[in-house]
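First the structure, which I've put down as structure tokens, then a few questions once you've had a look.
For clarity, chains are labelled A, B, C and D in written order, and residue numbers in each chain start from 1.
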Amino acid sequence: MEGFTFSTDVTIRFAETDAQGIAHHASFVVWLEVARVAFLARYAGGYNALRESGIEALTTEVHVRYHRAAYFDETLRIWARCVDLRGARFTYEYRIERDGELVANAYTRHATVDRETYRPTRVPRWLIEAVQTAESATA
Amino acid sequence: MEGFTFSTDVTIRFAETDAQGIAHHASFVVWLEVARVAFLARYAGGYNALRESGIEALTTEVHVRYHRAAYFDETLRIWARCVDLRGARFTYEYRIERDGELVANAYTRHATVDRETYRPTRVPRWLIEAVQTAESATA
Amino acid sequence: MEGFTFSTDVTIRFAETDAQGIAHHASFVVWLEVARVAFLARYAGGYNALRESGIEALTTEVHVRYHRAAYFDETLRIWARCVDLRGARFTYEYRIERDGELVANAYTRHATVDRETYRPTRVPRWLIEAVQTAESATA
Amino acid sequence: MEGFTFSTDVTIRFAETDAQGIAHHASFVVWLEVARVAFLARYAGGYNALRESGIEALTTEVHVRYHRAAYFDETLRIWARCVDLRGARFTYEYRIERDGELVANAYTRHATVDRETYRPTRVPRWLIEAVQTAESATA
């Protein structure tokens, strides 16, 4: 995938389908989170490392555009990248594919806050560097 | 309902259905919790009152027996009662109906723990008294 | 709420919270659907009426912007309106409030398809008229 | 695991946690289904093979006993076996472990119905044979 170096696979659970016979659209929002967790695990010691450093990453915005329906037991590939990481904010972009075919694309925005006070706190340097390493692999 | 004095209604959400066209069986487990929360709100100051008194109620057992399928947009009545409340343990029993017809019955068991240490702690007296008041309304 | 005439209330379930102690961001996407279903029930015979007329409404886009965290047992008011209803497409806009305070705003886009063929099909006239009636109440 | 020959791993998603900081108890019910789907995929051509043969497997009973709390990002091993397969009914038993430690055990009961009429229909012979093959591997 052009511009993406990281992906993770998700197989659609039966509980994630709905009475239209397709994966419910809210399930995609959960899968984006699964992809972020896998991204952090690969590049930055994992989401728990972030939490243990006293930081929570809140989700401030979610946007999903659905291009095709997805079905039970299909395996989707979720490409993800972290962009615009500065101050206390960052963005992820995603492309969800099934056998190379576009199923959905999405972005999510996040803010880092202090775990105790829930006040905005800068993204730690180690995370910025880890993400930059990830992204430079793209070039 | 014989033996029950409390009920709460739940309308089935589209997100709670699955590709069989019925409410997914795990949704029922969530509705039981909705009923417990409503029960505590009625009789004992609410679940948040319990949490604020330094106690968490953990779920230690769930049993659901499904008698009929339930469908999107149906309103189910969940009858609930708290039984066997002693020491650090208590049990809820449930009967889920649609227009008086049995859809499922269930029980759940719980343990109260200290919110900080997660060690077992006795159910507070005010909760026992509140529940007894609730149950005596049955007689 | 300026520009909105319809709202429905949702009380946050414990199952909808996450380990950050707040309502999980994907829960909001489900509540938007709850609001759409309630909107259709009020103005257009309900979502089941739509489905029984041989039409499925697919969700093609979801956008949520989170302004404040929401917590277990809080009751949120979801204002919703249907806009840009033409051809086989329509959009809902939402404002989610807690005691009048903005918690999130959102929009979702939808396409109507034939229930058998899943090919795009025009939004039925009765639905357009029902929505226009709803919206004219705004003026 | 004594008596089990099949297992599948599930990593706990953040969306599956709750405000107690642990995996929500209803999440386990979804994971049991994930394990059944993986079991059928290994031994019997998959759950979709069952559905495509005109049969739906309904869940008629769920029982879970929780022994230890489970946490975000932990990987649980779900041991599963199919027992008592006869007529139109069968049972699964499960043991959920974390690093060999018991987290929960469970059973679920199911009934096979005709996909069109939803009337009980015998479990197909190929499924019985596939399951027997699976279980004989236990001996």
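We adopt the following convention: contacts are C-beta pairs under 8 Å (C-beta built on N, C-alpha and C of every residue); 3 or more make two chains touch, one makes a residue touch a chain.
As the structure is a computational prediction, the values presented were derived from the model and not from experiment.
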**Q.** Proportion of interface numbers common to subunit A and subunit B (over half same, under half different)
**A.** same
Q. Relative to subunit A, which chain has the most distant C-alpha mean position?
A. B
(Q) Based only on mean CA positions, could you tell me how far subunit A sits from subunit B in angstrom? (A) 34
Q. If you average the Cα atoms of subunit A and of subunit D to get two centres, how far apart are those centres in Å?
A. 28
Q | Inter-centroid spacing, subunit C versus subunit A (mean Cα positions, whole Å) | A | 24
Q: Could you check subunit B for residues that touch two or more other chains and list them?
A: 14-15, 26, 30, 33, 72
Q.
Could you list, by residue number, the parts of subunit A that touch subunit D in their complex?
A. 13-15, 30, 33-34, 37, 46-48, 72-73
Q.
Considering only the defined contacts, which subunit D positions touch subunit B in the complex?
A. 20, 25-26, 29-30, 33, 56, 58-66, 69, 118
Q: Flag every residue of subunit B that touches subunit A in the complex, lowest number first.
A: 14-15, 17-19, 21-22, 24, 26, 71-72
